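Take this structure, written in structure tokens, and hold onto it; I'll ask about it next.
Note that the chains are named A, B and C in the order they appear, and that numbering of residues resets to 1 at the start of each chain.
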Amino acid sequence: MFSSITTSRRSLLRAAGVGALAIGTPILRSAHAAGPMKIGVLIADSGPAALFGPAQRAAAELGAAAINAKGGILDRQVEIVFADAGAPPAEVSKSAVKLMLSDKVEMIFGSHDSAVRQGVENVVKGKIPYVYTPVFEGDDCTDNVYFLGEVPEQELQKTLPKLLEFAKGNTFYLVGDDYVWARTTNEKAKKYIAQIGGSVVAEDYYPFGAPNKFESTVTKIKSAKPAIVLQTLVGGDNVNFNRTFADFNLSDDIVRLSCLLEENTLMGIGKDASKNLYSALGYFADIDLPQNKAFIGELTNKYGDKAPQQCTISKGLYDAFVFAAAVSARSKSLAAKEFAMAAEGLSFDTPSGPMTMKRRHTEKNIFLSRCDGTKFTIVDTFTAVPTQQSCT
Amino acid sequence: MGSFLVRNGLILALLVLVPTFVGEFWAYQLGLYFLYALAAMGVGLTWGQAGILPLGQGMFVALSAYTAAYGLSGIGTSPLAFVVIPAAALGVALFGFLFSTVVFRGHSDRGPSFSLITLALTLAAFQIATTWSSVTGGFNGLRNIPGLPGLDGFLDLYYLIAVVLGLSIAFVDYLLRAPLGALWRAIADNERRLAFLGYDVAALKAVAFAVACWLAGLAGALYAPQQNLVTPDLAGFAFSGDLVIFAAVGGRATVLGPVIGAIVVGVLSAELRDRFPWWEIVIALFFIVVVLRLPGGLMTLFAPLERLRLARGQTPRASRAPDKPRAAAPLSVGFEDVRVRMGDVTILDGLSVKTGDEAVLCLIGPNGAGKTSALNVMTGALPKRGGRILIDGVDVLRPEPAAVARSGVGRKFQTPSVFPKLTIDENLAIALWSGRWRGFDLLRPSLFGWTTPLLDEMRRRFGFLGSGGKAASDLSHGERQILELTMALITEPRLLLLDEPCAGLSHEETAQVIDAIQWARQSLNLRIIIIEHDMELVRRLADRVVVLHQGRFLADGSVEEVQGNPDVRAVYVGGSR
Amino acid sequence: MESLLVTQAINVVYEVLILAVLVLGLAVVMGLLNVLNIAHGEFVMLGAYTAYTVQKAGFPYLAAVPAAAVVCGVIGLLVERFLIRPLRYDPFETLLATWGLGLLLRKLVELVFGRGFRSVDIPIGGSVSIFGEAYPTYRLVLMAIAVVVVVALFVWYARAATGARIRAMVGNPVLAEAVGIRTRQLARNTFVAGTAWAGIAGVMIAPLTPVEPFMGLTLIVNSFFALVVGGMGTVTGLFAGSTIIGGLQSVLSASVSPTTAYLAMLILSILFLWQRPRGLFPRP
């Protein structure tokens, strides 16, 4: 397993002779060892999300370095053990077990899709804190799992009304990939659309992973003339749809809002296809906040030219370290109950501004940005947007 | 039997002892790869043995996993939950059997169509699994699947999986050494020959596929409680592709090959993928090398003489094969105005001829007259466009090779058509079993010991048939002709179709063959139709000669009558009327 | 709400023609040589990356066409020599070998270019008004090229000497050799032409599709099934397959739903594979 040494202090303890450790043994008590604290970090090294891999790795390493500089977690330096989350859920679960049993990690941070998350939740079984960082559909209340990513309610609640200022009406066309995140987001979107007095003209869903061509939907959009197209497409479909849309000359009159459009995908869409394309996320690499400047600064310092492009998917891992340090400073322990109690209501500062954990989800800044060529221009910032998740 | 038990007992013991060698976590990790190995064994079986490459086996694993998930959730903690595993596997096996029977009966083209169908199915299955969230849990999968009652912790489930794998290895091992295994290999070797011996090839293929689906089903059914989560990626093409890679890399023609492939590739991938970004390139290159050079896969390293040669410990005891019910009279054949066309070319142009009382009928005519085609259309190898074909006076609307063979027609082809990769004994055995096996006979290794007086006689006449362990491909052309003739004879047909039986034979061999043919004719009361060019042979054998020309009947009679016929002369010498 | 029927109709034709262009390389290789080149999508991908590189280097887009033909042709040459020929053009074996090849090519491109998306600018912008509805110019140009190419190919195959030689080789290789047709060279050239054409197809579609190392995988599915349904080895088959697979998906996608369209395409392919494994218009 790839180990990342974030500070000069090397691990002194290789837990010797700990052959078969049944999962029932509590491995969390700080009395366990005074050596470095290992944290398992699941990133996309393979699979469809692998384009985020290098950025995720960099963000995680920066996060570890940042908290180590301040004393680490519970006075122990933090050491990362990476594992590939791009493999099928069964294999990632296996990796998670290995992280817990062999590497003895005391926390797991994950930046991957929901199917993998469920697999990891199954094997972690709440024994150690599991911080899940990316954008996702919400509605998960598993014990000892903490969600830092944007949920649909956050992305849409404040941004949809704002978007009306840029659009020529309040009719919506929904386009998404046919799977749970997209469908859930659209269901929640419909409520907000109704609240602002808008209406949904049509919904199109595309099979996930199939060779999709979007001419038919684009033509239907052209004919239906909605004011806004709300997209929950991911990856190649996101790029393909937007390019086709622009190709058919619809970008002048119709505004597009994507629920997962970050810097890499925008590169793929290209400058010719991004007019009137908006994105609502909790982080963009060009945010003009001092925290972000510092973050990007550290990144450039460490990696120079090769610094991987950061986006909300990768930056979440940096947040995870900050979060974990903040919670454990309050809880003085990693045990589930203490950790959960300390986490509730805790605010911590991240490159995108402050985040507050409420009921295991995070209230955070949400940025509505417009695409300018292949860059994002922040159009509006909404602070402390609540998640409206009802976990206890 | 002894070596079977020893061999498989050792494997089972090894599997069960693994945790003591490598520790609990490794055992847990291996558990997952053992499940992959089970599914890969199925792929190896259909592909390596029967020559059918399934590109979508993952779909069956997924189907079983989802079914088992529901079963386990429904049954909960009662010990009845254990029944879910074989039940789900059985369900999937039945489905696989029905599905593949339908596909294999749909056409006779032996090509990659089955593979592409399974590919299309798996793509569709993935979409359905992702979209039909109410049933499958959608993209995020079906969660909260209970484990099996009484099995807690990683190790317990490992032992169950290890035992299932061990038993499955033994099961497949047994099948491959049983007559059924020989038949599967015969399909891969020469499917047409097998059909012409009267075997229902589609059914045999379907059985092979059903076994593969059973294995995939076991894998899926155990996956559900092991992971407590079933996601659509099981049905995806990537996983199905991995199974093929495991089988190819490990060695698809053997029992253990796919198992080793799954474990080696799986474990190495998991370990090296993170450290070594070039890992996937290495796998791709290795896979290409295996396809190019090492069709036997990694197993070739262990057993250089690859190709599962059934070196049976003891040759089974010789026993008398059951008699085949057989009508006493020879079979009669009639063509009434039969027409056959291939594209623009007319092959048979209203052929009308009937067999009479003669025992040996020689069919002669210039090249392209339609002699072989007449035999082909009669046995269903060519589609007929018009006219009627009567076998024993009954109009056979659509002749089909296996059915015609079962009604008592034996056929020897122009170029010797045997099973080259199988041994002489296996070739003969397969011919012998046709029409004689009942019920579960094909699972009994004792069938390899069957013999009949006719076969004994042929072995006496042709000594080389005695070196039974030799591969048929090692025989000379003449020996292969004789082997094929023997195979046709021991099915005890009522009508024997011979297409230039002495082509390529030495003078001596020709004499022996003619002698054997005449002896067989008498002892079986057999009718023979021979296509021949050598007039000397025709003179010696024929009771009646029929001359074909340009797809039509031209003349018939005794040899002298035909030779004296001016029409016939004109056709042979050149210039038609 | 305008119904935009003309646009929808052109969309259907567009999908059919683009599919024909993509399938062409595979049709040549699979239909004529019986080689199952499952890495066909990767050759298209290489063509697309060539287009990206050429455009980035500042050359006119048209230069990407010969560039891609050369890149994919050379790789095709190597593949024919080291993979296809040693396997004696056997369909199953080549399926496996080219699968490994596909894995290899994807990974190599990923290591060179990275996993992210590359954007290729559309060389001909703007739109043309057709019956009062605007349609993107570039797509119309592609459609025109597709028609010209397929018609030219049809005529060439039926009339030209090389076409006759290929038909002879395909129909009866032994006899073809006997009358002096150098089947080995002809087969090799046919294969290389197939891969080179796939590269050119990649150049054509690069501005319209997300360019990333795995793009070939999504293309190969439709291509394969278009061939098996339409029939291998004839230009009529190529057209029929593209029309049925591409057209069906496009029509259903617009009128019902894209997921239904995709599943319908798969089910139709299965039915064809089951009942008419050689397709509608196979090589006789």
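One rule holds for everything that comes next: a residue touches a chain if its C-beta (ideal position, glycine included) is under 8 Å from a C-beta of that chain, and two chains touch if they have at least 3 such contacts.
Predicted model, so just to flag it, every value in this text is computed and none were measured.
Q: If you average all the Cα positions, which chain's own average lands nearest?
A: C
Q: Which chain pair shares more contacting C-beta pairs: A-C, or B-C?
A: A-C
Q: Can you work out the whole-Å distance between the CA centroids of subunit A and subunit B?
A: Here subunit A and subunit B have centroids separated by 52 Å.
Q: Counting in whole Å, what is the centre-to-centre distance of subunit B and subunit C, each centre being its mean C-alpha position?
A: 34
Q: Would you please write down the residue numbers of subunit B that are in contact with two or more other chains?
A: 123, 127, 131, 280
Q: Touching two or more other chains, which residues of subunit A qualify?
A: 178, 207, 209-210
Q: Residues of subunit C touching 2+ other chains?
A: 221, 259, 262-263
Q: Which residues of subunit B touch subunit C in the complex?
A: Counting only subunit B, the residues touching subunit C are 53, 102-103, 106-107, 109, 111-117, 119-121, 123-124, 127-128, 131, 241, 244, 248, 277-278, 280-281, 283-285, 287-288, 291-292, 343.
Q: Can you tell me which positions in subunit C touch subunit A when the two form their complex?
A: My answer: residues 1-4, 7-8, 11, 14-15, 114-122, 125, 127, 134-136, 138-139, 207-212, 214-215, 218-219, 221-222, 249-250, 253-254, 257-259, 262-263.
Q: Any idea which subunit C residues touch subunit B in the complex?
A: 36, 83, 86-87, 91-93, 95-97, 99-101, 103-104, 107-108, 111, 221, 224-225, 228, 259, 262-263, 266-267, 269-270, 273-278, 284
Q: Subunit B touches which residues of subunit A in the complex?
A: Subunit A reaches subunit B through residues 1-2, 19-23, 45-46, 82-84, 87-91, 93-95, 97-98, 101-102, 113-115, 117-119, 122, 178-181, 183, 207-210.
Q: Mind listing the subunit A positions that touch subunit C in their complex?
A: 48, 50-51, 53, 178, 204-207, 209-213, 215-217, 219-220, 222-225, 235-236, 239-240, 243-244, 247-249, 264-265, 267-272, 374
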